[in-house]
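The same chain A turns up in both complexes below, where it pairs with chain B and then with chain C.
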Partner chain A sequence: MDTSVRSKGTLKLMIVDDSNIIRRRIERSQQIARLEVVGAASNGRAAVEMFRRTQPDVVTMDLTMPEMDGIECVEELIAINSEVLILVVSALADKATAVEAIEKGANGFLCKPFTDRQLNDALEELLSEA
Partner chain B sequence: MFKEAEIRTFIEGTTNYFETSAQQSATVGSPYLVTDGNPGAYEYTGVIGVTGARKGVVYFTAPRGMLTVLLMRMQETDTSDENIKDLVGEVANTISGNARRDFGKNFVISVPVVIAHDLEKVTTPHSRSFVIPINWRTHSAKLVVCLE
Partner chain C sequence: MNRRLASSLVPRMTGGGLVVLVIILAFAFVAVVLIPGLELASELADTTVSLKFVGQQQRNPALIHASLDSMHDHLTTRGYIQESIDQLRDAATKLDAGLHEMNASRAASWFALSGDTSAKGEPISGKHAAALRELWAKEQESLDPILKFKGVPYQDNETTGTALNESGKQLERDLATSIRITKRVIPLIDGELNAIVTDLQTGSARSATELRLVMLTGLLIAIVLAALVSILMLARQRQDASLRQARQQTADILRTVKDGLFLLDENLIIGASYSSALESLFQRTDFAGLPFETLLKDIVSEKTLATALKFIGVLWSERTKENLVKTINPLGEIEVNFDSGQGKIATRYLQFDFHRVRVDNKITHVLVAVADVSARVDLARELQTSQTQAQAQVDTLLGILHVDPTQLASFLSDSNAAMKMINAVLREPAREESAFRKKLDTLFRQVHSVKGEAAALGLSSIESRAHSFEDDLKNLREKSDLSGNDFLPLVIKLDDLLTHLQSVGDLVSRLARLHVAAGGDSDAHADTAVIERGGSEIIAKNEGSVPSMLQQLTARVANENNKEASLQCLGFDTVPDQYRRIVKDIAVQAVRNSIVHGLESANDRLGAGKPTQGQLKLIFQELGDAGYKLIAEDDGQGMSTEKIKQAALRKGFITPEKAATLDAKQVFSLLFQPGFSTVENATKDAGRGVGMNLMAGLMQQVGGKVSLATVPGKFTRITLSLPPAKRAGNTEAA
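This part shows the complex of A and B:
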């Protein structure tokens, strides 16, 4: 049986960001019909716990967070499920950080600040490459 | 020492933030140098500690009125004190993080520390700071860059 993200209908989305307004913004602004938000976490450690519990297919991931940063969290999530699609959403605009996130297993990078359209384009691109 | 020419990175980050997040441009006044260690603050301040190749702080400070309207422009209906504090920290984080486009990965930024309702707690580690005045709609705010 094909269990890949491509073969699924509705996909579960988890949002990880230490900013409540960014978490709410992503939830409100994402218009991808296939995505259903199953949870939101405010740091990497909480995200790992929520990831095990909710088993999302797609994750948006901030990088600069307390307790466990986003790069470390990406590594942990990939170790749990290498099929998960991760879009890093961060203000860290240097190329080296984007490359590091991709090397650790992220699938895309969206720089803050972002418009609703940029967010949806980045999510569409993420899903189209799955 | 932080050079005056490098302030452009932060000016661009500030204008980009308002254009993208609020879909409404902000006007940036002429940056000026403060040498008495007191660049000043408004009611809410988001402070980012900087380590690595540069050391010091970057802070964004604004009055509640500006932050409330900014939240509303972002379609956020909850304008509680918690969300106002969250926003001022996020603005500081975003502008500082974007500066890595020019300064590179060794411009290491902390998570934001937010100071609200206590202007005297807003301090800088060095006496010399650059202040970027920001005008948006009818509101004034500032970005303070205090780096070695």
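This part shows the complex of A and C:
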């Protein structure tokens, strides 16, 4: 697929979540050597703006956020860069919403609450070739 | 061709490669064997014809020679020569034609191969043609005058007899010349003809050798071809066999595996191969070609179905990470209800797993594995239940620890008595509807009383069980046609309650032993010793504890109803033993009624100009010969006859016509009817409409009276008059 993203050395990560705690949690816990956090946004609109500016390769995305929700945001980000890798990180209250996010182009789903191990495994899987 | 060769060849050369080789060899066979063979064969046939032809020509030179000799003899004897001339002409003509034929070039054959010496255009005479032509010309020249001779060569003379005439003499000379030439030339011609025959025979032999060689080559190619075809067939057979074996194995797996397995194509249609388990899982057999949507339609909700179809849809997208969407599989655990026959519904839990199937790195199908996880789900539920039970036990234990041991012993004793009574009532035979109703009322009062005391002591596990028992009783009350069978489920509830009460008793005993072992003070020792005797025989003497129990109840009920209340108890130390239980039951009921129905919320009280905290009063008075009096009073909102009437109308206790005719006393008496309540939904504390009825029932038992005084917005006061103790019967509900 889009080997161009994966063949890059360092990949830029943007964290989108309306909770400050979760944003810091992801930033602190992620231990993928190739990932470098370039920004964090607390709502969809801010995320789109930051996405244009920092051009990240990987995004972790919350679904329920003010201003613009995660699903809409996924759509916008993919429209800007179809090769971006998006991991939805959300509580599994409604599977239908999660499936919809995947349908819009997100690559995977990580259920809140998560352990450090689960977060890193999910990111690793997201960056894997297969 | 042995198997090892076949198997060693097959891997190196694919079936397709072998087929190409066979085709090439077949063409080679045609080109190298069939065409030259045909050519050589026709050449051989030609040569045979030529040999025969030359053989025929070989006779003619001798005939010429013989004819000339014969002519010469006839001429010498003066015989008849015309016959010889004719013979000579015939032979010469034939030889001439024959030689002409031989010298003419033959037609080239169609398949003539270049480089073949015996090939195209060569006359039969070959290199001898020129010599033959020359020799024959010489011979023809000498024969020519003889053949042209006409007439008779003799003349008759009387003296000499018959003599040659002039032309005869000339003929004789020509003949002599010709014979001389012929003697020299004919052997030469013979020689040339013999040489031609030899050449032809040599050529024929060579062709035969070549033909043999070509045939040998053909044979070799044919053997190789046959070998290759055998290999191909063998390989095909082996392939077929392993294919059959593989198919059989697949069928075996699909027949035996416990999971339901099938493939979905991009249109979400189920494939033709699926595991047999699927049929028992879904109780149908028409899977091949069935849309997945149809399979799910009847067993999951519309929303789940829509999400599931979307979910499978995203699996086809390369963007989706298969392992990162497993948690959002909407069919991870679904409850399925099937008609298991005889109108029974079987509930099962199914787990659907989806796996992409890739061929040449392209997603071609989604493999669906359906497992029956009912056992796992049941186990999880059991675990949950046992956890809840364990938690409940801990709660009970904590509850018990907070309760005064004397009160607890008293409660257990009373409850056991109530249980015995309930059991007795349930066993009592009854046939008529009215008897059943009466039974229900008695049960209700007993259970309600247990619930009330448990609530007062904060024993929530007992309280909730009693509440649930009450629920069942309430449902029965609302049922129109009661029969003995309706009471059967109650036995189970009773058993549950009884078991729980026993386990609480057990816990209490164990705690008591623990207490003894730890060596408490003498008083505590005395208490626990009493409890240890089983709880049921003891009557707690310490009546001073009833007010404190009521205080606790007040605090708890007020808290649960978001109200503020304080209770004042007076005279409870003078309650005689006979009335102890009744007074306690009524006091509990009165406290709850007052807080739930009587007292307003803190805000409302402020609005009405009252202190936020409601005041409850429970006063027990000894009246000497007149018996006793229990007064329960609150400073709440009082009761309006209108409100009671409305509730009575709503519940169908009275008709609208009757409502109009009722006086205040009659309206208040409605309150004491079984099942009456002004509250719509029952809570633990009130609303079942049993409390006032319970009071009335208790009073009836002991021959007492109930009176009620209320001023809307001010207060409610219930006064219970009890006859003197000596007149009272046994009030213990045993």
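As a working rule, the second predicted complex is superposed on the first by the 122 of 130 C-alpha atoms of A that agree within 3 Å, B and C clash if a C-alpha of one lies under 4 Å from a C-alpha of the other, contacts with A are read in each partner's own complex, and residues count from 1 in each chain.
Going forward, contacts are C-beta pairs under 8 Å (C-beta built on N, C-alpha and C of every residue); 3 or more make two chains touch, one makes a residue touch a chain.
All figures in this text were calculated on a predicted structure; none of them were measured in a lab.
Participant: Are chain B and chain C a fit on chain A, or do they clash, once the structures share the same frame?
Facilitator: Overlaying the two complexes on chain A (C-alpha atoms) leaves chain C and chain B fitting together cleanly.
Participant: After superposition on the shared chain, which partner residues are touched by A:Leu126: those of chain B (first), chain C (second), both, or neither?
Facilitator: Only chain C is touched by A:Leu126; chain B is not.
Participant: Just to be sure I read the superposition right, which of the two partners does A:Met65 touch: chain B = first, chain C = second, or both, or neither?
Facilitator: First partner only.
Participant: When the two structures are overlaid on chain A, which partner does A:Phe51 contact: first (chain B), second (chain C), both, or neither?
Facilitator: Neither partner.
Participant: Could you say whether A:Cys111 touches chain B, chain C, both of them, or neither, answering first, second, both or neither?
Facilitator: In the superposition, A:Cys111 contacts both chain B and chain C.
Participant: Using the superposed model, measure off the angle between the directions from the CA centre of chain A to chain B and to chain C, in steps of 10°.
Facilitator: 80
Participant: Touching A:Leu92, do we find chain B (first), chain C (second), both, or neither?
Facilitator: Once the two structures are laid over each other on A, A:Leu92 reaches both partners.
Participant: By the touch definition at the top of the document, which applies to A:Ile21: first (chain B), second (chain C), both, or neither?
Facilitator: first
Participant: Between chain B and chain C, what is the shortest CA distance in the superposition, whole Å?
Facilitator: 5
Participant: For chain A, which residues lie in the overlap of the chain B contacts and the chain C contacts?
Facilitator: Touching chain B and chain C on chain A: residues 92, 96, 111.
Participant: Residues of chain A touching chain C in their complex?
Facilitator: Against chain C, the touching part of chain A is residues 1, 87, 92, 95-96, 98-100, 102-103, 105, 107-111, 122, 125-126, 128.
Participant: In the complex, go through chain B and note every residue touching chain A.
Facilitator: 16-17, 20-21, 23, 71, 74-76, 78, 82-83, 86-87, 89-90, 93-101, 103-105, 107, 109-111
Participant: What does chain A use to touch chain B in their complex?
Facilitator: 18-22, 24-25, 28-29, 64-66, 90-94, 96-97, 111-115
Participant: Where on chain C is chain A touching in the complex?
Facilitator: Touching chain A: residues 303, 306-307, 310-311, 313-314, 317-321, 323-325, 327-330 of chain C.
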